[in-house]
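Just dropping this structure here.
Chains here go by letter, A, B, C and D, matching the order in which they are written, and residues are numbered from 1 within each.
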Amino acid sequence: MNTSVKIAEGLILKNPVLSASGTFAYGEEFSEIFDLSLLGGIVTKGLSLKPKKGNPSPRVFETTGGMINAIGLENIGVDAFVIEKLPFLGQFNAPVIVNFFGNEEEEYELVAARLDVDGISALEMNVSCPNVKKGGIEFGKDPNTLLSLVSRVRRATSKTLFVKLSPMVKDIREMAIAAQEAGADAITCANTIPAMAIDETTQRPVLGNITGGLSGPAIKPVALKLVWDVHQCVHIPIVASGGINTYHDVIQFLLAGASAVEVGSASLRDPLCFIDIIEGTKAYLKEHSIQSVTELVGKLII
Amino acid sequence: MNTSVKIAEGLILKNPVLSASGTFAYGEEFSEIFDLSLLGGIVTKGLSLKPKKGNPSPRVFETTGGMINAIGLENIGVDAFVIEKLPFLGQFNAPVIVNFFGNEEEEYELVAARLDVDGISALEMNVSCPNVKKGGIEFGKDPNTLLSLVSRVRRATSKTLFVKLSPMVKDIREMAIAAQEAGADAITCANTIPAMAIDETTQRPVLGNITGGLSGPAIKPVALKLVWDVHQCVHIPIVASGGINTYHDVIQFLLAGASAVEVGSASLRDPLCFIDIIEGTKAYLKEHSIQSVTELVGKLII
Amino acid sequence: MKDVRGTVCNNTKVADDTFLLSLDCDLPDSRPGQFVMVKVACGYEPFLRRPFAILSNHKQTLEILYKVKGRGTQLLAEKRPGDILSILGPLGNGFSVPEEKRQVVYVAGGTGLPPVLSLAEDLKQGVLIFGAQSKDQIPLMSRISSLPGVELKVATEDGSYGFMGLATDLLDELTGNARGPVSIYACGPKGMLLATSECARRTGSRCELSLEEFMSCGFGVCSGCVVETIHGNKRVCRDGPVFDAQDILF
Amino acid sequence: MKDVRGTVCNNTKVADDTFLLSLDCDLPDSRPGQFVMVKVACGYEPFLRRPFAILSNHKQTLEILYKVKGRGTQLLAEKRPGDILSILGPLGNGFSVPEEKRQVVYVAGGTGLPPVLSLAEDLKQGVLIFGAQSKDQIPLMSRISSLPGVELKVATEDGSYGFMGLATDLLDELTGNARGPVSIYACGPKGMLLATSECARRTGSRCELSLEEFMSCGFGVCSGCVVETIHGNKRVCRDGPVFDAQDILF
């Protein structure tokens, strides 16, 4: 039985189960509880050029079947990551996929260039960030903006490049096509859904940042649809993100067209869920006499 | 204590709690279990020019904190509604708000015109329908398309006009502004979120239509954010829809900027929830010494 | 239809994964074939109610016979005497009363037993054919056997009890040998209903089927549970669950 | 940190809405001030674990003292002996050991009792000031009173027990009269911690505060629980929950 999937020439995952950005920090804490070499890949917290302080507290709130976060992309910055965190991640036998973002095209480019170092297998661009030069509209909202941004980043790095899309767009397909056209090697589909919580006793927003992003099982049906849509229109691999909690979810996302999945919020509640998910996936393959994970990708029977 | 809210010149709701389209049919079934006169308003199933058969079964699927439906807008058609259902609804002391849709601009116009009859207090346009003349892209995805559509319908009817937006757009604010500019009296915010379910044991989609729309508590945080966004940019009233289950939700949506709310999926599981929600809202007002519901609208403390 | 509170009196295992739940509750009078929507949890997990046939509803006591399939029925199986459930019902149309002088045959497969058993307990006549996979899957044997006027015939697929084969094999035999007109009442898996309906057509029997579809509301407002009939889409929860077999487009 | 299974031994009400839970579980050794993340339900309702201080953790027995606040703690209160919970821990840093010759004062308000009580049971010295709204809100009185070497002082806001007023009033008095250097260990509502920290500054006492923030992971990966300190943002779950009072920017 073969659980490995090839995402790009330089990137073969031993299994399709990755961590997700922002729910795995830089790997250190999780390494205390399981061997990170078991993972298909390690996706790290989103990095910016300079360290970022993030949003005021409260930053997280639980909702029905999920949670809203408004961390505000707090991170140690790309330099500190390369110097302080990357060597640690090098110990494990799992590709390191570094999530990053910027506030303008140039910052994306600079961060990507700075991450073109050994020990990193791929970059994941978070395009759900406001473009400060364009009045704060997210890069991931318009296909032309995205095409231009991804093209610049593509030229700035030799690494395998994932583009992580925003879910809340007019048509995710045109975004995926733009990313592919600009040279992305894979599409991560998708980020959290914009959301909000209000405490009616105080009559105030719950989160320090007022709004945040919804994740967890609540959004799984939405993410599944997005992956299915993207699968209809691109030929590069899709990495699914959104509400993956069990191996059932993994199989469903593979069938919808994903080649791999990222597990985010689920690992906040259950740090060992990765192991259950990987084992469950293997057991499913065995039970259904499927030789290779890749046989399932996009094979939804209509 | 005053629970009434004014939506337009001709439309004052005795309380801000309405039924939602597609979860209340034409009112007959619910009338067996409670007095519909208690409602702030009755929103009926979406009507088309001709009767519509809808999608193949299965049509509904439960998900974490919600459900996906792919009913496919099955309805009896506008003529049968006016003749067979409207007289029944006339018995109750609650405004009747008729949801409708079309497959092209002209159909919307014709349905609206046909509904310009006594016994109907307002129309609610569902714009989450594919525009068959424009390659099947939803009317509610593009502000110019929406502006043109709503303008035509506006001319076709003398009724109070709600425009019910799609949640999955680039920026809900530009859609709300377009609707307002075209003469809408209120914005219903918002419809279900596109979603999908897969059964990994059969490797098939669960729903006959493959994809459907997600509703229920799972989407509440998303709907709340959309209402908050829309509230920043329009001056016409907002009617909230999405995951409203309790009076807590009602107060939260009012604070975010809604003048009234629609209760959909919650009433499928609990047909009597309307009464609890209305009573709970009153109790909240009393407890907080608030004279009128309208004092809460948009009064989120930042 | 009313939304009533039911207090669990008993919730006992009566066969493999199968439980008999009795509730103290003030449900309005119902007819065999009608059902209730049960809220199995207070929160939103699961979000929707679950439909169950009314096995009996007399003197403030409601009986439900159910099989554990997923988490909803699992939660139900965890209920203890004294727990309170919200019950919406009675819902749906129920079986029609057979014309006089007709021989009555009930056909039930698996979890399709409750509605037809309810009818048999009401009519106190006829033959009840019950099909199951094996002996361990047969609930309420002694209750059914001791029903006055009703004869029980059991078919098991593995032959561990009664006739080895399908319930519909027994039905074919019975209708083949019948001397007068027959009325068939059936509930069970789709394949069984199809075969039953075929048999009825062949033998010119009257035949009513109680259908199952996944339901969200259960009282007719969402159109989530439709089935195609010769009269167009019909809601299983409101226009059924009992339909004339001739009307169904399988 | 390990994810261990805990079997409920006891889950008893010890004050208004307050329960003492003891679990049979193989949690690694811990220090006072550390905490665990408890999964209160198997499904997704609620989705996240809940943080609770470790009251004690000896000989395979873990004790948690908790107050019912919302649905998570409500579900916990419904657990019965034999039920199994998933426990992640020990988490966080815990209190530091006081230097010799220092007078130790513990200040606890409401649900802030467990971490400081845990420390008092460990150090077996000092004065424990506990503040509550009223008498009914005071748990484990006899256990605390009988602690060797520890003196208990209670303040209730309504005066129904002990001193009428705030815990920090008692603290002010105590530190005012103290003859040598004092080490203060506090956990409780924000206002209490602020006043405690003020008092420590005024009197030149060492002071450690155990903070609470809403947590999603509890082990440092999400940055959901940060607090501002003079050293920048710190994660309450990982860099705390115990902080030097001087570092916190209230």
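Observations, loosely collected:
One rule holds in what follows: a contact is a pair of C-beta atoms (placed from the backbone, for glycine too) under 8 Å apart; a residue touches a chain by one contact, two chains touch by 3 or more.
No experiment lies behind these values; they were computed from the predicted model shown.
Counting only chains that touch, the fewest steps needed to get from chain B to chain C is 1. Ranked by distance of CA centroids from chain A, the top chain is C.
Chain centres here are Cα averages; for chain A and chain D they lie 36 Å apart.
Centroids built from CA atoms put chain D at 47 Å from chain B.
Separating the CA-averaged centres of chain A and chain B is a span of 33 Å. Under the contact definition stated at the top, the residues of chain B that touch 2 or more other chains are 63-66, 216-217. The set of chain D residues touching two or more other chains comprises 44-45.
Of all the residues in chain A, the ones that touch chain D in their complex are 22-25, 29-30, 32-33, 45, 53-54, 57-67, 69, 71, 74, 216-217, 245, 265, 267-272.
Within the complex, the chain D residues that touch chain A are 1-3, 39, 44-49, 86, 88, 213-217, 219-227, 232-233, 238. Those residues of chain D that touch chain C in the shared complex are 43-45, 71.
Residues of chain B touching chain A in their complex: 63-66, 68, 137, 141-142, 168-171, 193-198, 200, 202-205, 210-211, 214, 216-222, 224-225, 228, 243, 248, 251-252, 255-256, 284, 299-302.
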